[in-house]
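As written, the chains take the letters A, B and C, and residue 1 is the first residue of each chain.
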Amino acid sequence: MNIYQPLLTTVTEVVDETADTRTLRLEFQDEALRKDFSFKAGQFGEYSVFGAGESTFCIASSPTREGYIECSFKAIGKVTTELREVNIGDTVGFRGPYGNWFPVDDWKGKDVVFVAGGIGLAPVRCVIWNVLDRRDEFGDVTIVYGARSVDDLVYKRELEEWGSRADVKMVTTVDPGGETKDWTGEVGYVTPVVEKTAPKADNAVAVVCGPPIVVKLTLPVLEQLGFADDAVFTTLENRMKCGLGKCGRCNIGPVYVCKDGPVFTAAQMKALPAEF
Amino acid sequence: MTDTATAPVYTGVDDLRRIARELLEAGDVRVIIGWEAARRGARPVFVSDPAETDKLIFDTRCVHNLVTYLNPRRDHVAELGKIALVVKGCDVKAVAGLLRESQLGRADVVLIGVRCGGVLEENELPAALALTPETVAPRCYGCDNREPTLTDHLVGEPQPEPPRPVMTIDERVAALDGQPLEERWAFWTEQFGKCVRCYACRQVCPLCICEQCIVEKTRPQWIESSAHPRGNLSWNVTRAIHLAGRCVDCGECERFCPVGIPLSLLNRKLQDIVRERYDYTVSDDPENAAPIGDYRLDDQQEFIK
Amino acid sequence: MSDRYFISDSDLRGLAADLLGAGTEVIAPVATDICQSPSAIAATACTLDHSLVDIDYRALTSADELDLDRGLPQLSLKGYFLPEHEALCSWKQKGTTIEVEEVPTEFAARVVLAAKPCDAAALEVVDKVMNWDYKDELWNGRREATTIVNLTCPMIDDSCFCTAVGTAPDDVKGADGLLTPVAGGYVYEPATDKGRALIEGNKARFSGDVEADTLGREADDERAASRRRVAANLEIDAESVRDWIDTHFEDPLLSQLAIRCNGCGACTSVCPTCHCFDIVDEQEGVGHGTRRRCWDTCQAPTFTLHASGHNPRDDQHVRYRQRINHKFAIYPLKFGEVLCTGCGRCTRVCHAGQDLVEILQAIDIAARRPGDADPAAAEPEEAAS
């Protein structure tokens, strides 16, 4: 067994979130692993379709849920196109958990604000459930999530579930033109909706993830609202292969995204050279 | 051994420098790409300052085909501004190729031709050597473009033919052709076994201009990326075929290969086939369309069954 | 100070023969008399100067092949520890069931004779990334199985600069022992248990008689002379260079120095410390295939290309900057070692004229004397053509 050899999982659930985005629930084939496998919110894995290769996604389920892991991805390349064809009962390889994680324990007693766009909700969803599964350890929970259109919203069932909870402030938005006739959520890009929602920065942390443009535009808004750079967390993606710091591909300046990341504070991100 | 031959004396270097300086001073051209003498021999140089045009040289070490710097993917070269390129007869055929394939407009580049009588196999020498059968680059033999026409300026005096090398590329190709199939297969398997898939051949080739090379396509994966003989054979042969009728024989792919695969043999063989079948030879006339990009009613088509 | 032994010319070849006879793989420089140009593939003489005869590290089939002329092998030892392509695992699929087959991580003991110190030192440098938390069993397995005996290098030419980057032509970094040529043979100094075991297992070939004032001094003089020759090629303050690169990411100097680069990646192939790799799945038949890693290069346009089409490094000068950055700033910051051992291969193989000696000189000047920073200042006087 070497560090590049994948573990085997079986697909137990498949949800097509949108036309090109899918969530898989995976259970380790090895019984001991099913019980013992643990990870922290924010970590990622290398998921394989044997014959096509590996692809890098965060673990989208919460570490508080045992016995399975989930991943969500957009079918955009060679491996993800194959992953979109797998069925319940198929085998998917997994290597991980890799990378660093959101310091959720440090947030006890604080308000937590989640901002996500499109498929960027996947890594954030992991943290959301992590927080909600330990709900009374944290203060107010605010979630602002947007996508291009109603169809493009991912985790639709969970958006409803979060929206129906009294202890969560859920704001869902679609881009102008993306709304349907019976849409009751917000209409607008994520950033102005965050501005409008105006979450309090005092004793709060923010988690932001999404397409680069969403992150780029949201950070200054949070700064204006009073969030300090080290209280804002994001997760970066970069092209990866080994996932464990050897193949030399994912570095941004001296930072290896697979080891020093993928979770970074806004302060750390600002210190990175313009190479991502 | 080298005393008996006379080195071609490449005159016109003063004219080259003067023309370069004048072009830069006039302001339209922003950078001259030519050759200079450096620590390890001749190498490409990018001159933007008229006062530095004295760096430009032309001698038997000026092997490089500078047309590779016109490749559309080289954004950071394009950003320097309008280019004046120093070209030998073989090099300028590649410009014709780019024009033929609409990768370049004629007015986009100024071409300063040099009359060349041949170059050495290697540029990495402290001083230019004379051309002898042992030192001359085999590809120079039989050069048909010592008086290039696709130029805006042409410097130097007409040069004699390059000397005949110890063994010409055609002779080597013929020798290989004369071997039975198993021996040829063994030869090429050994050669391609050396390949480390650095893609130096592709990167330096002035006519490898595809935005996405076939070897980079993953859906489907046409060519395996690992450096084993199966993948290497696939890569090298595919690339040679994609250059059939386009390759100008500048020899850069072979020169750049860090493990010394004799690519000029492959390229020459394909040129022979194209000449035989389509009566076509690469020249510096951009109007002369290549078989790969052109169809004629009298093209041979007995292979269509 | 370790013990010194003497081994004669014929005994060194005899040692190779003994090892081969015992079934041990022996890797050593072998001169290939096939010159790399079409005019010489025929049985006629090589047209290139014989000082450029091609040498490669090969597994010997006979001790006669061993080349001790101390020329530089074209490719480094890297391929013997991180092969150009290497199976990571393979799989068999039946229906939805997949069986993954392991690959061995233990390897038969083997010996490298007459290694270049720059090549051996590179292995120790790369050991760091291969072990910084996850241990790469394939790399480590090969390292553990191999005994490396260096041969003091006379310096190849003025593109060598091992002494400027923390090693030397007589170093044993990454190796197990050192041979230095003296009259009639070599002085051998073991540096590790493996290096000593080589003597223990082959006592007849080595003699303990190394007179400190004759052969001993000859060896010392040879080593010191080599070091002096190399040091004359380049001296830099590696820490200043590291800090300058780290704080001048956007400096135009780095783009200017990259201008000739074609992005071919030949430099990364021949480099003993470049270790970046790709991982690919290769379907080899119905229901079975192999997952391999293979050499990759940061100089390739697709190295950092995202599936979305976004490419953080989409132009050549940016990719070239990454190479310099990784080798002389990032790796030293993370692992305390320069990711370069000054072998000079990249400079020699670059047919576009990129010259690492010139580049390091220019950065060193920029780091230490900012007012003098000008790439032209590092170039020699124009040679008469």
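One rule holds in what follows: a residue touches a chain if its C-beta (ideal position, glycine included) is under 8 Å from a C-beta of that chain, and two chains touch if they have at least 3 such contacts.
Remember, predicted model here, so these are calculated numbers, not experimental data.
Taking the mean of all protein C-alpha atoms as the reference point, the chain centroid lying nearest to it belongs to C. The greater number of contacting C-beta pairs, out of the two interfaces B-C and A-C, is seen for B-C. Distance from the centre of subunit B peaks at A, each centre being the average of the chain's Cα atoms. The centroid of the Cα atoms in subunit A and the matching centroid in subunit B are 50 Å apart. Each chain gets one centre point, the mean of its Cα atoms, and the points for subunit B and subunit C are 30 Å apart. Centroid to centroid, with C-alpha atoms defining each point, subunit A and subunit C lie 41 Å apart.
Residue positions of subunit A touching 2 or more other chains, listed in rising order: 77-78.
Residue numbers of subunit C whose C-beta contacts span two or more other chains: 278, 280. Interface of subunit A with subunit C (complex): residues 1-6, 8, 10, 48-54, 76-78, 80, 89-91, 93, 212, 237-239, 241-242, 244-249, 251-254, 256, 259, 273-276.
Partner subunit A is touched in their complex by these residues of subunit B: 218-219, 221. Subunit A makes touch with subunit B in their complex at residues 77-78, 81. Of all residues in subunit C, those touching subunit A in their complex are 88-89, 91, 93, 96-98, 100, 102-103, 105, 129-130, 132-138, 246, 249-250, 275-281, 283, 289, 291, 293, 296, 298, 303-308, 310, 312-313, 318, 322, 325-326, 329-330, 333-334. Of all residues in subunit C, those touching subunit B in their complex are 36-42, 44-45, 47-48, 54, 74-75, 84-85, 158-159, 255, 258-260, 262-266, 268-270, 278, 280, 282, 292, 294-295, 297, 300-302, 314-317, 347-349, 351-353, 355, 357-358, 379-380, 382-385.
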